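Every chain is named by a letter (A, B, C, D, E and F) in the order it is written, and numbering of its residues begins at 1.
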Amino acid sequence: MSDLTHFNEHGRAKMVDISGKNETKRIAIAKSCIEMKKAVYENIVEQKNKKGDVLAVAQVAGIMGAKQTANLIPMCHPIPITGVNLQFDWQNQEKENVKLVITAEVKTVGATGVEMEALTAASLAALTVYDMCKAVDKSMVIGPTYLVEKSGGKSGDYKRDQLSE
Amino acid sequence: MSDLTHFNEHGRAKMVDISGKNETKRIAIAKSCIEMKKAVYENIVEQKNKKGDVLAVAQVAGIMGAKQTANLIPMCHPIPITGVNLQFDWQNQEKENVKLVITAEVKTVGATGVEMEALTAASLAALTVYDMCKAVDKSMVIGPTYLVEKSGGKSGDYKRDQLSE
Amino acid sequence: MSDLTHFNEHGRAKMVDISGKNETKRIAIAKSCIEMKKAVYENIVEQKNKKGDVLAVAQVAGIMGAKQTANLIPMCHPIPITGVNLQFDWQNQEKENVKLVITAEVKTVGATGVEMEALTAASLAALTVYDMCKAVDKSMVIGPTYLVEKSGGKSGDYKRDQLSE
Amino acid sequence: MSDLTHFNEHGRAKMVDISGKNETKRIAIAKSCIEMKKAVYENIVEQKNKKGDVLAVAQVAGIMGAKQTANLIPMCHPIPITGVNLQFDWQNQEKENVKLVITAEVKTVGATGVEMEALTAASLAALTVYDMCKAVDKSMVIGPTYLVEKSGGKSGDYKRDQLSE
Amino acid sequence: MSDLTHFNEHGRAKMVDISGKNETKRIAIAKSCIEMKKAVYENIVEQKNKKGDVLAVAQVAGIMGAKQTANLIPMCHPIPITGVNLQFDWQNQEKENVKLVITAEVKTVGATGVEMEALTAASLAALTVYDMCKAVDKSMVIGPTYLVEKSGGKSGDYKRDQLSE
Amino acid sequence: MSDLTHFNEHGRAKMVDISGKNETKRIAIAKSCIEMKKAVYENIVEQKNKKGDVLAVAQVAGIMGAKQTANLIPMCHPIPITGVNLQFDWQNQEKENVKLVITAEVKTVGATGVEMEALTAASLAALTVYDMCKAVDKSMVIGPTYLVEKSGGKSGDYKRDQLSE
């Protein structure tokens, strides 16, 4: 456990200096989740069958959001992302509350990690699903949103058990 | 319960036409939450005492994020936000896992609601807390993120019970 | 025929003052077009059948691009867009060079027109198709891109014959 | 001829992984064109003589647009552009319909090419000319817009004959 | 003299609620200034004679910057700007240190003023002049930058004496 | 003393080609300043004591602004910033007009310098202080804003005497 690093000697927030760090290949995977009533799920599936596709829009939002991360998270370094991939998995389709699990994988060759990019991509994809389905039901709940794993960089790899969604 | 509205007659996504809707005063309140180990909480509190302030940065991120909503959520209408306010509340400070509850209230005088702006503000504030504390612990979990209430507009007011956080 | 209006008394570019204009409902429709070899067309159709969809991405790009217009076109006024709709039509599917016609309709209730938003939406949708297919063929050609019609506002409606595409 | 590359194994759009590609010097040149009535051309020339300059604004729009490419084209990688240059050439100045040919050259040292940056720069410059002259005439037509050549990168150089403009 | 208004009851920064304010016509004028060695001034004038124009680029930067104000200044409300005009005046052209005075006028019909938009436009125009001339001399000094006058809105008009530049 | 470099052979503005320059560690430090009546200063100090903090918001604005530099200054190259730090120093606290000196230090490992990023960060921090205090007093004056020093890069280091603030 270390101290918070984003503060200067006056105690004020700063963007940490990473000038001395090497550029290495890095990957981060984050998950988010959105729970919705079965009726919303059925609308999404039905619309998909008619060529429209809520998840296609959410996927674009996640990918474009990954590229905006450093403009949204104040102390985040701008990083040249080299790849983004989002996956959607349905759970509990037979239950009253269906879950959509969103997995975002982001890659870079850079001097710092892409955890925030993966978390931002997953979050914005979930928010986009909410936006496109809120006319049907406003009670959808987003989360848990969390980092699943990261690799690359001096601080070492990180991997956690997936939360039961 | 109505159908999904964000699709045109070819089944493709569109930004819904709100040209005919009246501009009225609208409010939306959303909540998000981030759970962290006690050590992270203590770091935040300690840093605050030294003049630095993770939550001050998160608050700016939430407010600026509210203004970016229509640039992040593809089918979201650009709306002239007239006010944003974020509140942070700590819970379970005596337990092993402490919770920070984030409440975002957004106001507009416009032709459509600001639910997405409130949800985006709360989400980005949570992501910013994650970013500034991830050097201490990467296992923080964000969510549940959800709409608490909205008022104004023809579709009527909405209010839900708060989730036990 | 009038003079150029975007210049001040020193002859320098300015954003024209529209403070005195009334907010009225306005619509603009623009078209663009991208011509591609039959092989590219077949790839797009085949991918669509496998659930992927180049045009779904292009549609999101067009809608999000419409919202960015005032940030891209220097003298363009920021306008609260109230609706965006894009339509794709294939032509000459049996010929060697197939055409994809993109029609973008943008609406606002504002003090100036949305011609630039419609033209920008159509252009960015075409550029996105190019981007996603350029690994197959780089010789695709974009255009003609032009304003089809506009209505609303004091300068009166405008409608032109569609170009043979 | 290869397949479309911007899709994952579920058939959904992704940003292609370029983590393994080398950073090399790359150049792309694109052209666009805008055709206008002689009266518009004469207005531009006359304004220029009075110190105002439509093309100076279009040039800035093209250069700034090149830097926005990855924020506009969803699957486009963010690339550190190292140079942008736009050139304007008038054609058919003696005819009823005058043409302005826009050539955009973009350079980078990066892991992928800058074709989209060059095409976006040329397109936005053309749209800016349209915007600043549309008070005189709305019937201007943009295009053909196309890639003239690219060099650098493993996929080899590309060069095409210029379209008769 | 009133208290600072940008803080909520917890003492944290907020975007002030202006939902109840009327939309009125508002104008703000700000000035900035950049002082440079005579050699820089002569370069700018000489380049202008060769068709290039530092000030044309600065003017576009100022106008586009005015539109970005709410994305740059955290507590600033997004406002639909209805007009922007920048003027450049040279002073002391015969002295060792020449001054370029930049006057930015911004208009809106909105619920709050455009002082920040005018100050941001003038500042970014000055920074752009610095950028384009810094290869000649890095010792240029920007400022004083200040609000000259504002009108419209309930808080009344404001006008100050111009600083001796 | 050299010529202006941001112009092509037609005399038009261009983004200078830096493809051939080496990526080296670079630092730039800029200063800005905002002068305010004692009453404004006292409000800021008092608010800080109540947990609110104008300077915390200004600091975030400066850091986020540094990341936006290439989107604001037309001919500026996009650079991967590796660190940003802002410092605030009060002067003349006992006099009628108190001064807040803002020092911004920006670092990169890149092919060109970060002078503009440092100047933009300092300027936007000053503008944010103005925004948050303008309800108390609109007569605050920003500047002088200038480059203090830069190091790294082929053109050599630069250091100037600090202006008497």
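As a convention for this text, a residue touches a chain if its C-beta (ideal position, glycine included) is under 8 Å from a C-beta of that chain, and two chains touch if they have at least 3 such contacts.
Source: prediction; values computed, not measured.
Annotation of subunit C and subunit D: jointly contacted by A, E, touch as defined at the top. The chains in contact with subunit E and with subunit F alike are B, D.
Comparing chain pairs A-C and A-F, the larger number of C-beta contacts belongs to A-F.
Most remote chain with respect to subunit C, judged by CA-atom centres, is F. Comparing C-D with the candidates E-F, B-E or A-D, the pair whose contacts agree for more than half of the residue-numbered pairs is E-F. Interface note: subunit A and subunit D, two copies of one sequence, contact each other through mostly non-matching residue numbers (shared numbers fall below half of all numbers used). Separating the CA-averaged centres of subunit B and subunit F is a span of 30 Å. The geometric centre of subunit C is 38 Å away from that of subunit F, both derived from CA atoms. Multi-chain contact residues, meaning those touching two or more other chains, occur in subunit D at positions 10, 12-13, 53, 56-57, 60-61, 64, 68, 71, 74-75, 80. Every pair of chains meeting the contact definition is listed here: A-B, A-C, A-D, A-F, B-C, B-E, B-F, C-D, C-E, D-E, D-F, E-F. Residues of subunit F touching subunit B in their complex: 53, 56-57, 60-61, 64. Listing the residues of subunit B that touch subunit A in their complex gives 1-7, 10-13, 32-33, 39, 43-44, 47, 50-54, 56-57, 60-61, 64-65, 68, 71-76, 115-116, 119-120, 123-124, 126-128, 130-147, 150, 158, 160, 163. Those residues of subunit B whose C-beta lies close enough to touch subunit E in the complex are 25, 55-56, 59-60, 63-64, 66-68, 80-88, 107-109. Within the complex formed with subunit A, the residues of subunit D that make contact are 8, 10, 12-19, 70-71, 74-75, 77-80, 110-111.
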